[in-house]
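Both of the next two complexes hold chain A, though its partner changes from chain B to chain C.
And then the complex of A and B:
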């Protein structure tokens, strides 16, 4: 009897192993068929399928709820205005726009555009689609400042803004403003379940359970002919699983793999790994600029000089960051190219601290003033993997100038309750929600801003930022923002540490990809194809 | 018996109700303003975004957040009793629908893991008991200790490394055919199996020492017959209890394994909702898990009655 039981268990184990081997082989055959080479330069149509390992769970296909998925990744919808990788605006669904008055903007729509189901692309549809977004997503109204939309003719719209708003055309690039047709299928709550757009790819189906989105090429696309025949986007939220999926070939394109895996993937044949800077900056903000050691600009400068940004970018973050100068990375068209920032300089840092009265009088390695030691807690949050190692690196760098730092990691929303005026917060903050300098600079440096909780106030800065809002001449506007960035760097109310980089991993045969840093995470483009 | 079932049902209903109230209370203690969090995580997709007062008011109106917490709870409860568990902030879909869509994946994984665990654990446990202190016993003990101490996320990744990347036999992650099921099943099963083997062993050992086994041997019954008719039946009660608990736990979704293998189950839905502060979805998932857990526990308790006629519920 006992031997019999044994046999059964051995049999069961054999059966499981055997079936797994068979199934494994079947799976392998399927994968092979996607990447088999052919003689021509591009693989034939039936091989043009790209499987994307997406970093978030895909929960909805309504562009208002998930604009970055439906527009940037799935390419189902287009916006009226698009942006190049250097953030220069270019025509999207609108071929031309002109400013009528301080508050009025006229947009001329492209005429040869049709929705995926053949519905005419007209001014009525655009008005409906944008108003729907404003109603469902209150942030759209804040970002666009739209007061009302009027139809001039079948292909011309007049937008009226609440205030003079030079950033208006750029704000129409916001992905939640992707234009959908009213014929898009919705559920009983009015949420789009089958988006019908004008983009290079058509919605085929969305598997809610597994969070997989299937797309088909739109042969009638108004722009260039898309290279890929099919795109499948599946949510793989675990970064390690994403790395292994692309290594095995289950997905052909993915991003944000663990920093520690980048070297290994780079060494794997058949894979390309590239870290691209995005419009997000790692920054340190002070608890309060009044009534703390940070009210002295020399202290703020000293801290900035004490941070070795090269080491943080190259070593701590494995190359997934670039040393920051000012708030805006130099590849963005509106960045002030003349700025030099605060290159690592321990001597400068120590001297500035000494000038501000912070010196190590008792020889314990920590600077003090009036018997009080210089120390603070650096708060950060776990959602972005680079933050904690970066905070720890800053901790050890500031120790070298005699500042004692304690690092605490907690949920973003909890930090506010713990942080005191004297503490600092390290975050990865979006620099361009829309491709315009106003968004980040005004929210960070204007004394009235809801974000400016550290209390930075400079009347010149305030008036420059207000001027930027109502200056419509591009050259003059650039001068304004150049000056803003100059003052920002000179007075360091915020310390910029590094520019965020996203690591994109794809198979060698995936070609034509252009990284556009305006994307929330990454953006696919119609030029992509699979080479033989 | 019927009275017992009625009593158990009443307790289960109370447990579910208490769980829902407690979850609501705990969710209301999350630091930060709910409307602000929805704007940051749902509308803008950036936690560092600072919304204006106008945006916060609009969000409060869209998601009906203006009322005090207890009123929101009463409102939720009365809707829930009518089968409406609210709407997910993120997807805009009904909470119940979202859970039901993911139920098959979770059930599939839970049942596969339980079956595999029983298939391996019970024979191994019995053999270890019958051949106490033999090589089989020691190695099963060593193996069980090893599997119990190994964390899920580590085992899952190591299995992927070995079977998917090195030997190229199985897919890394995703939901699909039986091939996708194998690695998550083994990962989940390892810990469970280890517990069940140890429990089966000690339970069988205990029964083997009882007088009626000696009697059966004295009667001249064969080993197989004794084991099957007398030992196993009596030794199974604690095993069924623990397997029931494990099944209940698995049916509630397994957060780590589902996340590693991108398995679209309830556990992954729950963790995703927690990350996004999707309060109606968290509430719905927790209540659903409480219902499943209570139900499975109740079924286990009732099954004792049929397995062991000595258990009389009227006296409990």
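And then the complex of A and C:
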């Protein structure tokens, strides 16, 4: 009997422990909201040192393999062309460029630039570096269309493209094309282990075991003098851990914290929180546009009208998204400002469905046509935490117009095997790998594109997209892409739900940060410094 | 009809015996409450477990929503109650199927012996060498995520322990004198196994089964937490835990309550299992009398 009594007391202890844990959590929450994070708690940190909580594990420091890391975050390398936050191009390592013919581009390099180790920055180094990137990464070749590179003189290069390619200067902004010196240390497989670039920060060391990258200020930087002395970039892949380390003061800057935590972090004194729209869009693609209910454009429009993008962005994703109009967010210079999109309108949605023949004839709340009910499975994947709640919100919104949706969450690679022509997929897709409209628009809307698995085909669209490739006059090119976006919105071959926002959290004393949405996640800038 | 040795009068007194143990009584009470929740779910709460209310998300517990609401504004209490239905039914299904497979294989091996036994025991050992949850992950990966697939995968993997126990029992029972007697009468093997060996394995197997129910719920919740089990918006404890994970600091109620339910249910099954073992194990009873 003694043993039995003991079990009951164990149960009691368990319950007491559990409730105290819960109470402890609540109390902790209240306490923590008044605690000011200090940057000196864990390690003695020197002035002008910024520790960054990075969202991916850092595995390599070769710019070709992880250009976003080495160029955008670590600022070790520069590219020939850079871009402003509105995606207009500006000179990077090249002072100016000119188009010689349809296929030829001349780039004049900056003359007062030196690599971190003092190596001269010359045309043959640039040629070597770009050719190395093309050799190592086949996507660089498709993105740039480079056929060959010729050296004109010590600081002038001539690029010859395979085809007329108006996006060429923009493609040189691609972070994998960050210029490194041939003196960079490599391992026996030719992967760079100590990159030597021209950027505002020098590589100090990379601790492979902890995935931490240490950087030092480059006092001879050709641009403005960097404000920070040291930057330490630590990979913290779990969003919750990132939020905690910026609160505790272990890191001074981090991004993409759980969207549920944003409001709480914003209320924490000593922290600055801002969610910035990036060039990534949450989009819903149809399984197939032929032989399904979606071959009728009215059905596609009805689905688009039935989605309340405002509430998804503000409530479901807690401000970590912005309602989408078309594929290109309005702050990007090449977006068509006249478009209005599909503001939430249940009546329009129902009417369009009725016009397409989808009506609820048996009164069960689901629309049907010829005895067949309208339903589909919405597939999405777990890697981006905003997708599942968004899919569930869409599910409930489409229920209001009588469409029965099932949500299935599975690994990105497995979706293709399960998805049928009738199903839809919700994903977060990069809109600008390089700062040019051609990349995403041709990929999504051209009938020959590999990504266009839903089979959208419109001859006018195809010819406009091809025209955009060989139109070099900026104004005329803009007209072409304005028309592309207009047709895209009018025919809705793909539904844009929201623009992705990345939440940046930093300590109050970190100043000078300018968010640039051309970054693939976020990018740091040399103007940053720590105020005392 | 069926001849059961040693425990002929036990089955009638079983409930009374069980209630003598306080922890078992508590376990039974908890299970009765959980069963009540599962059966009468629609009458217990005014909300729909999948009805989304996007404007009232992450509301802390109140009179209107005693367990608060989740990120999509669904009532957590309602979801927890409906999840009871899904989790308990699925775990019973898992244990039931693995029991049927396990007993059949175990008795087959134990009763016939020889090559059949060697092959089947080898199979059991192989299965035992592999961690169950990893195998389940592989199976679900192949079948695709979903509650049905997870239930199926776990049913296919849980049979080994039943097979081992019933093989052992069959080995000892087949040597008994009454079996010799029945054989002498000339009944078929099938009749002998189903009418005389199987009934005698029920007591130990049922203890094991009740204890495994808790284990099944944990595995189900673990796979649900990984996003492989119930697909949204179906309420399932493990999946609810996962959904609330990123809101732990702002909305602890979203994952604490499903977590508590998992704990209580597993505890209840374990209490009953312990009690059953104490009552049904003759050696323990003997010790108690002394």
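Here is the rule we go by: the second predicted complex is superposed on the first by the 486 of 532 C-alpha atoms of A that agree within 3 Å, B and C clash if a C-alpha of one lies under 4 Å from a C-alpha of the other, contacts with A are read in each partner's own complex, and residues count from 1 in each chain.
As a working rule, contacts are C-beta pairs under 8 Å (C-beta built on N, C-alpha and C of every residue); 3 or more make two chains touch, one makes a residue touch a chain.
Everything numeric in this text was worked out from a predicted model, so none of it was measured.
Touch criterion met: A:240 reaches chain B and chain C at once. Within the superposed three-chain model, A:59 lies in touch with chain B and out of touch with chain C [touch as defined at top].
Within the superposed three-chain model, A:347 lies out of touch with both chain B and chain C [touch as defined at top].
After overlaying the two complexes on the shared chain, residue contacts for A:520 are found with chain B alone; chain C is out of touch. Contacts of A:414 after superposition on the shared chain: both chain B and chain C are touched. When the two structures are aligned on the shared chain, A:112 is found in touch with neither chain B nor chain C.
When the two complexes are superposed, the chain touching more residues of chain A, out of chain B and chain C, is B. Once the two complexes are overlaid on chain A, the chain A residues touched by chain B in the first and by chain C in the second are 4-5, 8, 25-26, 240, 414, 417. Here chain A touches chain B in the complex through residues 1-2, 4-6, 8-9, 12-13, 16, 19-21, 23-28, 57, 59-60, 62, 65, 68, 136-142, 176, 187, 189, 191, 208-211, 234-238, 240-241, 244-245, 247-248, 250, 381, 383, 411-414, 416-417, 427-430, 433, 443, 449-451, 520, going by the rule given at the top. Only residues 4-5, 7-8, 11, 14, 18, 22, 25-26, 29, 239-240, 243, 258-261, 263-264, 308, 311-312, 315-316, 382, 385, 388-389, 391-393, 395-396, 406-410, 414, 417-418 of chain A touch chain C when the two sit together in their complex.
Note for the complex: chain B touches chain A at residues 30-32, 36-37, 39-40, 42-55, 58-59, 62, 87-88, 90-94, 98, 101-102, 104-105, 116, 119-120, 123-124, 126-127, 130-131, 157, 160-161, 163-165, 167-175, 177-179, 182, 222-224, 227-228, 259-262, 264, 268, 272, 275, 277.
Those residues of chain C that touch chain A in the shared complex are 21-23, 26, 50-52, 54-55, 57-58, 71-72, 141, 144-146, 227, 231-233, 243, 245-252, 256, 260, 263, 267, 271, 274.
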